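Okay, so here's the structure we're looking at.
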């Protein structure tokens, strides 16, 4: 996944400034989303909530793929692990949701490290194939081990958490809870990618051999990129289960992993806000297109296809290019 | 970079449509139109559309036209929940569908909370056992159908051992989990227990396994096209033992696809357009006229679901959402009273159904009904 | 033993289906580093288009077949290359792979909405009947698939190695820059591989659909297995598709027989992981050069 | 005084081909050692074996008397061995400043400290100093990918010095650089050598560059050491003349 080589004259690296703009956008976004559902009905609120949950999963994959350059086709599997861990712990064992949330993150973090090991041996598409196999194996486990996971019938009546005695069962209350959690997780990721770790991840993406020669422990960072990205998948799952209040294996299949990958790329891989845009495209756009009746999925896929053809770097890439062109005082042109 | 949030808000507002005035009877069909359940869902959708057209041609329900809106579940619980939530926000009078038990389980609490009747096409046993008073079936549940099959295997086929072939989704697994205890009760040995994948490329290995199990009979519980392909593979491998199945093994689609290989297949049929009931046969003809193919049981379910709403609404003489569910619960709908129900149906307190069903056999490429099984509690 | 042979033969017969579908994977990868997630849909669609043409035009089968197949090759050979691959290829493997995912949704949904959500019979030009191979029954259709897969790979090998056009194509696959310097029309060569890919998809579709039925969702399974087969056999070798396809077919069949029907899919996947970790270029593949 | 780097009887074979065939040498503190030889003489393979990029078939590498054979590149780097590559190796999507901070950050503190510590790992000052030293001041915030070839080459070298290395191995630093830039580069390298007492090993093709920069030169041919000495001695060595003119 080589970065586009821009042979043009030196251009200002506006990334750092953009990222601080990203912080502002995060705060603003959280504020807007806190109040947005007013008068929107439970459906609109639910769709927004679902969008936030998917955004968390996409954020994780964006770290693994967009920042650290490690292709993973298993993010939905991690979401599934998190969702099932939370569902089983809270329904069967009566564990507090917050503890289950933390344990889900820990579990997926550890399994993410394990999945990272092949990445030390093989890269790019070969790595993608290994994660593809892993993703399907997890799905088979979720479906077949009925004694634990409920098998094809899934797990129903998953309770929503409370907050210091406050009940969050209502659509709006839980939505606000999700806004807060998403905001915290996004903030953590914002901090992470700005820290030296983020720099090391990007170095790993752009040139692992050179990075190693500069003392970057590529092994540790590769495993961490997988582990943290997977943990975000686990967190998303731990929120998905109480949001839908029911889980079965279908939302954690290979095709969903591919779909999450689509959201990363379409939103703009390697951009902090890319996952939000990607998940917006993947979750909210199809809902919105429902007015088109039976053709809505064709229209949705066509929009994604055309978007990618016009801008392979995704919406964020397009926005950045437009922004730069605007600042240089000339209209946003086509491809560089 | 604020644009995504604004876009999100705008899109979400676009999602939240204003409630329509009640000059129509608005039914929202939340159904599998893509993903693993698309074939079943499309049948159900067409059946419901045909029912709405029929009802509107005769002046609607209480003089108001019926409108059926279809929302795709993508065979995914999260998307299903969104669709049902939307239906309720849009003041749907009743919710039809979905078919798969995952999507049903993910959405039935929503309609329960909103006190809206949800008339589903699922056959798995579980969801009517949770005390939800707003869920209704359109077919016999597997826990009602499987005892009949076990009895048939024991008394008519006289099988001492059976090989069970099932598709590993909620439908197949549900059926398998329901038949195994019944077989045990009937003293029939399970010689082989074979799971298959939905969309599996080839059934040769499964057919060989069945053949080697050397059971007295084979119970096949797969979706229609997989049923057809399994029958063909079994024929090719020279499996000669009787093939016993449920509605999905004896349907017109299976016979069309499997050709010769379907001949001699026997079993229990809940709903069939070949049943010896004029209503069902007439429905089958008109469905084929309109859509160009033969309806499977899901098409019949869609048609019935709309007519269940019609009957109950006319019974309570008003468009009362909560009343609809109350009226349906425990009701018996007869064809004499409401021809659109196609077959006399009793709705139990938990939403399960009791009605006649059939024992059938495929002879010369046609489904022939041998026996009509009475209701469990006539 | 007889039982084992029966499973083995059944596996080979199924494996031939995967092999036939996998050839196209390896071909487009070689010339343009394109991972086509819509490959399964490429195999699903021609049969559907033929039936659709017959239905819409009310034409006899041969005419419908002609129209459907030509339309497919035009749109998904030529059109796919020009409209989707060309603008995206410069931006690396991933965006293009994602675009093919979107394309697969369009093809699948299009087949469902434009044709039917139900499976349909597809006529076969191979007579029905079975042959006995080592005491196991194999349908003539399966036998034909094996023969055609072998022939297609033989033909491709001959074409690439034995004809001027083929050698130009191979040179393009190995090093487009050098090929361009040598005066080979690289663009046209790449285009040619996409047309061949579409034509192979048509052949696969016509042969597989009588068994597998024409249905919009068929691409999912075939695509996944063809993908696994191509990787196991070797992504950068056409003959790898054959070896991988047959191996995966056999492994799948034996897994269903002796491991667990519920976990039969797991066995080919574990094989896949093992191969990637031990011999990443695949059983038959060439080592790809790694830049330092 | 013990040598900084000791290479003892290093062998590396690829299948049957012996790319490096028993090379031994040592590098003294503060010197600039040049390694020259015709194409395919094993220079780059030797480098890659010393730096842990390749596993030597046989032989040892010692840094300050400590055995570092087969140590991973990142670990070796943190012990103070830095390098540049023959082909350009900067991080194109990062700015010049970020490239430099990256080059130094892994030498500071612990892994967790880097996560929770300062964004620049306290290296902004050092990076600015390097930027000034290599005359890249006007480009500090530009993406490295947008720089000219020569500028990238300077950045590449600057990165190698960022962590204050004990030893720097430069792989063809002059390759593809125009004459003015070449002068700049040579002058900068000399200055670092003089000011910081840094020790260099330079692989080079460009004879003039090596001869004018290095204090000692090793000549490789077909995986073996052919000659060793000051630039003047090597230039006069008949075997060297033979090897070079023979090709």
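First chain written, first letter: the chains are A, B, C and D, and each begins at residue 1.
By our rule, contacts are C-beta pairs under 8 Å (C-beta built on N, C-alpha and C of every residue); 3 or more make two chains touch, one makes a residue touch a chain.
By chain, UniProt protein names: A, C = Branched-chain amino acid ABC transporter permease; B = ABC transporter substrate-binding protein; D = ABC transporter ATP-binding protein.
Quantities reported herein were computed from a predicted structural model and do not represent experimental measurements.
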Item to check | Contacts common to chain A and chain B (chain labels) | outcome: C
Checklist entry - Using C-alpha centroids, which chain lies at the maximum separation from chain B? => result D
Item to check | Computed distance of Cα centres, chain C from chain B, in Å | outcome: 35
Checklist entry - chain A to chain C: how many Å between their CA centres? => result 31
Checklist entry - Between chain B and chain D, what is the gap in Å from one C-alpha centre to the other? => result 72
Checklist outcome for this item: Expressed in whole Å, how far the mean CA point of chain A lies from that of chain D is 40
Next on the checklist: By the touch rule stated above, which residues of chain D touch at least two different other chains?
Outcome noted: 53, 85
Item to check | Multi-partner residues of chain B (at least 2 other chains) | outcome: 33-34, 36, 168
Checklist outcome for this item: Where chain A touches two or more other chains at once, the residues are 144, 209, 294, 297
Checklist outcome for this item: Touching chain A in the complex, chain D uses residues 51, 53, 72-75, 77-78, 82-83, 85, 89-95, 98, 101-103, 105-107, 111, 114-117, 119-121, 139, 141-143, 145-147, 159, 162-163
Next on the checklist: Could you list, by residue number, the parts of chain A that touch chain C in their complex?
Outcome noted: 1-2, 4, 65, 71, 118, 121-122, 124-126, 129-130, 133-134, 136-137, 140, 144, 209, 254-255, 258-259, 261-262, 265-266, 269, 294-295, 297-298, 300-302, 304-305, 308-310, 312-314
Item to check | Parts of chain B lying in touch with chain A, wherever the complex brings them together | outcome: 1-9, 11-16, 33-36, 70-72, 75-78, 81-82, 85-86, 88-90, 101-102, 105-106, 109, 124, 126, 130, 168-170, 173-174
Next on the checklist: Give the list of chain C residues in touch with chain B in this complex.
Outcome noted: 3, 6-7, 10-11, 13-14, 17-18, 109, 112, 116-121, 130, 137, 139, 211-213, 215-218, 220-222, 225, 252-253, 256-257, 261-262, 264-265
Checklist entry - Quick one: in the complex, what on chain A touches chain D? => result 3, 5-6, 8-13, 15-16, 192, 194-197, 199-200, 202-203, 206-207, 209-220, 270
